[in-house]
Amino acid sequence: MGSILRKVALPIFLIGVAAIMGIAWAPALLCGTVDSMRDDLGTWYKWDLRGERPTLTVGNIRQYLEGSIEGQFAPAAHVRFGHSTAVAFAYVLWPLQFRITRDVLAVVGVVGFVSLFAMFAIWWERKVAARMQSRLGPMRVGGWHGWAQSLADGLKLLQKEDIFIEGADRPLFRMAAYVAFVPALGLFIALPFSAAWIARDLDVGLIFIFAMFGVGVLGVLIAGWASNNKWSMFGAMREACQMISYEIPLGFALLVPIMTVGTLRLTTIGDLQSGGFQTWLAFRNPFLLAAALLFFIAALASCKRAPFDLPEAESELVAGFHTEYSGFRWALFFFAEYAEMFAAGALAAILFFGAWHSPLPAAWGESWRHGPLWQQALHGVVFSGPLWLIGKGIFFVYVQMWLRWTLPRIRLDQVMYACVQVMLPLAMLVLLANTFWEWLVPSRSVLGMAANAVCTAVGAVAVLAIIGISIYGFVNRRRLVGTLVVKHLPGA
Amino acid sequence: MLTVGLTQYLVLAAFLFCCGLFVMTTKRNAVGILIGVELVLNAACLNLVAFSRYRVGTIDGQIATLFIIVLAAAEAAVAIAIFVNYYRTLATIDVDKGDELRG
Amino acid sequence: MSTIELLLVTGVLLPLASFVLLAFVGSKLGKPASGWVAVLAMAASCVLAAVALMQWQGLDAAGRAAARSAPVLWATLGGMPIKFGVNLDSLTLIMFFMVTFVSTWIFVFSVGYMAGHSDEIDGVSKFHRFFTYLSLFGFSMLLLVIADSLLLLFIAWELVGVCSYLLIGYYFHKKSASDAGIKAFVTNRVGDFGFIIGLGMVVLFLGDLSLAGAAERFHHEFTAGGPLFSRTFCGLSLATWMGMLLFCGAIGKSAQFPLHVWLPDAMEGPTPVSALIHAATMVAAGVYLTARIFVLLTPEAQQFVAIIGCITLTLAALVAIVQTDIKKVLAYSTISQLGYMMLAMGVGAWIAALFHLLAHAFFKALMFLGSGQVIEGCHHEQDIRKMGGLIRKMPVTGLTFLVGVLAIAGAGIPALWMPNHMKLGLGGYFSKDEILAVAWHRVYGENHGENEVAAGAEIQNPKSKIENATVGTPPPEPRPLSPLLFWIPVLMAYVTPFYMMRCWWLTFMGKPRDRHVHEHAHESPLMYVPLVVLALGTFVSSYYLFRPLVAAAAPHPFLTASYDGAAAEAAEAHATMISHGAHAALATRVGLAFVVGFVLAWLIYRKGLAVGEKLAAALKPVYTVLVHKFYFDELYGLVLIGGTMALNAVSYAFDKFVVDGLVNLAAFVTERLSWFSGMIVDQGVVDGAVNGVGRGTWSLGGLVRSPQVGRIRNYILFAATGVAVVVVWIAFV
Amino acid sequence: MSDTDIHSQREAPPGTAPAAARELRTEEMLVNMGPQHPSTHGVLRLMLRTDGELILEAIPHIGYLHRCAEKIGENVTPVQFVPMTDRLDYLTGMNNNHGFSLAVEKLCGLEVPERGHYIRVIMCELNRIASHLVSFGCYGMDIGAFTPFLYGFREREYILDLFEATCGARLTYNYLTIGGASLDLPEGFVERLAWFLDYFEPKIDEYNNLLSFNYIFIKRTANVGVISAADALAYGLTGPCLRGSGVKWDLRRCVPYEIYDRFEFDIPVGVPGGNAGIPPEVVVGDSWSRYYVRMLEMKQSVRILRQCLKQLAGGEFRAKVPRTLKLPAGEVYLEVEGVRGQLGFLVVGENKPIPRRVKIRGPSFCNLCIVPHVCRQVLLADVPAIVGSIDVVMGEVDR
Amino acid sequence: MSGEVLAFYLLAALAAGSALGCVIATNIVRMAMCLLGTLGAVALLYFLLSANFLAVIQLVVYAGGTLILIVFGIMVTSRTYGEKLKPRTSEALIGTIVVLALFAGLVAILLRAPWTPVAPTEPSNSVAQIGQELLGTYLVPFELASVLLLAVMIGAAYLAQPAKKE
């Protein structure tokens, strides 16, 4: 397998790109087609008495595709389909007009994405860690760089015995893993991958995700409690403390962009940043940049990732709240963790870093958005769309990993200190300052534009530096710290 | 045929209320009583929102519910603090043990 | 938002930023740094204020009107919109500048002063806390100045109160200091209570809390004869009551009779606080408030203001004569000067009052800082009897203090023949004389140059004629005031120089009376630089620099004129600056008052304390009354504590005689009855029955008691049962 | 009745003071840390009495790795016992070999040839570096940083390669023996070592950059587990733990043995924070100081090694030792500066090839004694930080 | 049967079942978990009632805050693991009767009540509307609530601080 992959790398890459473009855009295009068809026929035939779109039959669709029903926007002659093609398309399109079908698709997509992402991220984290530690990491399973390692791990975990220890509260012990996992999955309901790619575009989507972050803690708490293990209990208590505390600065940091754009609907927030790099919210003014940083740190704490990984601190608490877990339940905790990591990264991207838009100025790809199918697809890949969001999410996940493999862990009292005495006042100040800024400084004014320019420059330098350092590190196979050595030992 | 309307919501709320009431009246664990209170409050909230949706047509009910949620959080915080103190003093969380007027 | 407003808002927010910064990281910044943060913020505000002032000066009337933007809607309460905005007029700007300027230098002084006066508590220096409070205070005061609505003004008002409490009680481990803080706070609450009721009346009757809107509605009420004017309470119209109640706030904050008791006690705070709060800003807030609500004051209410001011200035001036604590002398002089300002307000000398306020802020801050320097130099000695001869040790302080003394005494050359802007004089010479002149005009006004005034008014306000015509109701006849309102202040104008000179002479001149104090005395640059600056400020402010600005902000005479002819006339009269009869008459009476006072003080205290003590012994009853400050503290103690005790006694008596008597009577009757029943019935016959009944009672008691187990769950259950019964009853029966 | 509370009546027997009854009700909890715990470096077991996350008391329980080392010493000849010393502190086999050999040589009056001396110093110092690298890496793990561990092991690998080339073993060397070394240095050793020293020295700065001066690391370790110099002396701490408390005591310099008096090197000690680039949070005797002393010692070891390479003499590497070495009657106690402190060997001979008594003073054991004293009123997360900074190896504690 | 009806009955069943679980459970942690079920179901019902904002606030504050607080309280106060405080039989009996009667009565009243049907209104952009109302009409309760929260914060901190060692 590995050798094959190595030999035909380019075709595989190209096929992969094509597949990704297809996956990324086909369903959205199909749903869009059905919707426009329904709109078209509804307005033409006045079937719609209640202000709703009409439900089409397979026959309607076929006729429409064949061009035998003349809708107002019926396809032009050159794109009309033959009978058999039309029938085939009609059967594909018909179910897509129902909400329930789309919901099922969304659920399947979300679950599939989360599982795949978690598996990918676990493998990738091991590779990142390995490279940072001058190791190779997984190299065997599956051939090319051990790409099937997570799959094998998953299979192994599935086969493992499900151990309940003596004295554990069994129903709660079982339930805890799900209580941790379900909210982590549930938050993807409101997480837009692009303006069109969202399971439910809630008008309170942001708070919904925030709520789901909070509910997930219960799983950890219950896991710690039901394990009948003092270390687990410690882990659970730490998690509760940390989460409840960091939710507050997290919320404050979220309020900053909310106050700036004035909506809680994530698709709206995302589409406000479509104009290229300099219109991203984080670069609007210095306080939003600060809020982005605060958000990222608080989210790090909420995802219990290093240096805030106290609930599972293995040198202190053995393994914290999941000490007694094994097998698939244990895996669920990890799925939840990686899902939350991605969600945090994606949320950071949506709120501050341009959501699903590319850094390129919007005008560059605008005409392609409405062009032929292949242009639309290319537009989705190059200029905006789920791939960008996933890419940004992965970037932030990567930053989280980087931090984890670099930093020591903070002590509990320091975590609380950092939250209550540092993050919280800072977040409040940033909120206040941003309020005044938005009130007093119009974005078109000289000051506003100057701030925007400076922040954009700072952000661009930071992002490019992170990417550059990573690439440099990976290419040169050197640890980066070696390049930044302080020559003389103090105190020697 | 099953339908959804105000009555259904109210019946559900009544059920929740009765469950909460029962929990409040029978559980001996102080936190259990608190859980009962939360159930009762939820029933009330549900009523308010249902009325606001089906009867009044304004969002006053939602606002009231919002206040109830906030107050419930505050109440829970204080209650838990009291229970922790109670537990420290009496080494139990059984409310029946707290029937003496001295601590 | 116009540039000027932006400058002002930024100026207000800077101290707030400093407060927030210091509150969070003040302890980390440490001793000098945290102070300089506050100074920097305030100085920046001052610069912004100066820029704003200059811009304002450059604008014509239309530009000034355009600079004022619409207030921001904050909330809608019960249909009444609450809007906040900047009350942009000359008075705001000049007050803003005065507050920031004086505060900046007081802050600078504080950095030096507090270095030696901030204690450590549990090893943590309280130094930064002082500047935290100061910054908050600066913010509140500036907010108060720019507030355009009574509500915002009230918020800032209360913030100022809180800050004064915190700052007076800064040495909170000292009982007297914390007591003084509480006293200041509580006394202010008494006044604020009236203010709140007044605000309530404004909301109720006028329905608009913004200053301009309230004035407009007030006038409308007057012309329409609304309930505010048509309904009376205790013989006074509700409008009068409203004005008086609003003024109550000013009584508290500006330490007017009868709520003046807190100010002398507030000297327990650090001296810069005294300078800042009790000279330049906080007490000024009361006058400022009165100025802002001036248009809501009916003639009766104005008379009330005047009377309160007159009483205050008299009492305070008299008490100040016998004080020996250098800060208390200044405190009473402050109260007295505030009394002058209130009197001015009451007699309609709106401009003169504010002019005096501005001048007073400079020279009083100067004197307080000077006293701080003295206290610091003399090793925390505040008793002027132990000082003396300090001029050799601290010449800068002594001389600048003298500038303050001259200013408060109203020193100047009464050269009638010179135009005003060329006259030579200091602070009080112009402002106080102007107050007295207007008072004179109000008392004896009909005899003097009416025509000139009318002509002046017409030139000044061609519009008023027209509007008067449209209103249709002729202004009521001017009512002369009691001559006392003129003569008592004039008398006190002689007293003021006396006690100020006494204070100065005892402190700085003569022979050192306490060697220890004298040897220790020194002065430091960080502290005397502010003194010099403020002394210069005193010179500058004295000369009509600020007056035109104040005058420009004076309330539209039409508003006042419509319901108070005399006040309007007086206002117009001195708006055109009376250099005629009234002033001339006055110059002969009080122009040289300061010379008389000074000479008297010099005669008595030239050789030290001996003569003064002899005089005190000779006038023992008067002296005792004055030393005890007219027994106000004792009176309040008696009324409040005694009142409570009396109430106690009454209720005790009721309890003892009425209730107990009834109980005893019942007991007596029962006893007799039981004797009867015991002797006759119980003995033989009913014992068995009684036991049976007893057992029955016991079990009944048990039955009744069983629900009362102290279990809250069961109580809930009972309640639920009750509800269930009712519900079931409704549902099924 | 005011002071009586109902629970003293319910729970405590009559007559017990209410305060004692109240003590019973506090939120105390007994937690077992180890013997299977990731951060106890082997099989140390700490009984923690905790109040929430606060440690009230930590009682070490030891003996899980007891292998009767001293008893074995009484039943085998010294040459046969040398491999056993490898297993005491398994990270510092060379130093253990060395110490025991010195003691026996002193008892028997054996002279070691010049080259033998240098080989011994080279091996001991190399092993010191190797052991400190493990200590550094594991300490990072204790604090929650994963990467330093592998960095430390990466460099240690080179040293182990050198050892392997020399004696064939990577952990239990049995190399330094009575009378010198058991084999001569292999061909090319000097060049490889020189290359390694050049390679390794900059790495120390890298470690410092990565871990020692990391803000979080300093926050976690500075002013944690402070041992005053007096306490350190009273508890008999030695090695980096003692030097971390500011006591300038190193046997190599203070009571020179072997040929350490021929080398120039410094004795690093704990320095109060704020001096010479030391973070301001640091207090003499805290965990950070102990840790940092080790980092500095590696530098000094490199210095010694360079001088060794310059001075390295030719000739014999081992003295002529009789096939059956009779230990004369008498008693020798000798201490050397081991990696973790002073490693002492008591050998009592009775004119037989087998010693009558062998007693070992393990520095880890003595250093561990201070754990209950230091782990009091600290947070749970501080326990690994303190125990890790004391750096015990259970093989030596339990012997 | 439309989706809404189906969703309502599913959620109602979940809410009612969880509430019943609260009643039946003897283990306090399980009670808390049942409460989670009820809270979640009620939150979703709010979605059905198009009170989106309320639903997420219910999730944030109730499920994410209050419930965690309760579980936290349980953990702190129930060190004696598995201590079960069974209800007294008499109380349970009386309670059951009373509550059943109450429920029956309520349902009877509700079913008979002549609710005049009002067409359900769709609140437009309820978040903004709620914000307007909170800072307008309900400003005073809003501020009072903030003061209350402050008081609660201080009070809870005071109550829960460890007893001073004498």
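First chain written, first letter: the chains are A, B, C, D and E, and each begins at residue 1.
Basically, a contact is a pair of C-beta atoms (placed from the backbone, for glycine too) under 8 Å apart; a residue touches a chain by one contact, two chains touch by 3 or more.
Bear in mind the structure is a predicted one, so any value in this text is a computation, not a measurement.
Q: Applying the contact rule given earlier, which two chains have the most C-beta pairs between them?
A: Chains joined by the most C-beta contact pairs: B-E.
Q: Please identify the chain with the largest separation between its CA centroid and the CA centroid of chain D.
A: Between chain D and the rest, the longest centre separation is with C.
Q: Please identify which chain has its centre, taken as the mean of its CA atoms, farthest from the centre of chain A.
A: Most distant chain from chain A: C.
Q: How big is the gap, in whole Å, between where the Cα atoms of chain B centre and where those of chain D centre?
A: About 60 Å separates the centre of chain B from that of chain D.
Q: Between chain B and chain C, what is the gap in Å from one C-alpha centre to the other?
A: Chain centroid spacing, chain B to chain C, equals 49 Å.
Q: Starting from the mean Cα coordinates of chain A and chain E, work out the distance between those two points in Å.
A: Chain A and chain E have C-alpha centres separated by 31 Å.
Q: If you average the CA atoms of chain B and of chain E, how far apart do the two points sit, in angstrom?
A: Each chain reduced to its C-alpha mean, chain B and chain E end up 6 Å apart.
Q: Where in chain E do residues touch two or more other chains at once?
A: Residues 53, 57, 65, 69, 72, 74, 76, 91, 95, 98-99, 102, 106, 126.
Q: Specify, in ascending order, the residues of chain A that touch 2 or more different other chains.
A: 237, in rising order.
Q: Could you check chain D for residues that touch two or more other chains and list them?
A: 29
Q: Write out the stretch or stretches of chain B touching chain E in their complex.
A: 1-12, 14-23, 25-32, 34-36, 38-39, 42, 45-46, 49-50, 52-57, 59-60, 62-63, 65-67, 69-74, 76-88, 92-94
Q: Can you name the residues of chain B that touch chain C in the complex?
A: On the chain B side, the touching residues are 21, 24-28, 33, 95-96, 99-101.
Q: Using the touch definition up top, name the residues of chain A that touch chain E in the complex.
A: 99-100, 167, 169, 171-172, 175, 179, 202-204, 207-208, 210-215, 217-218, 221-222, 225-226, 228, 233, 236-237, 240, 243-244, 247, 264
Q: Any idea which chain E residues touch chain A in the complex?
A: Checking each residue of chain E against chain A gives 3, 27, 29-30, 33, 36, 40, 52-53, 55-57, 59-60, 63-65, 67-69, 71-72, 74-75, 81, 125-127.
Q: Under the stated contact criterion, what part of chain C meets chain E in this complex?
A: For chain C paired with chain E, touching residues are 75-77, 713-714, 717, 720-721, 723-725, 727-732.
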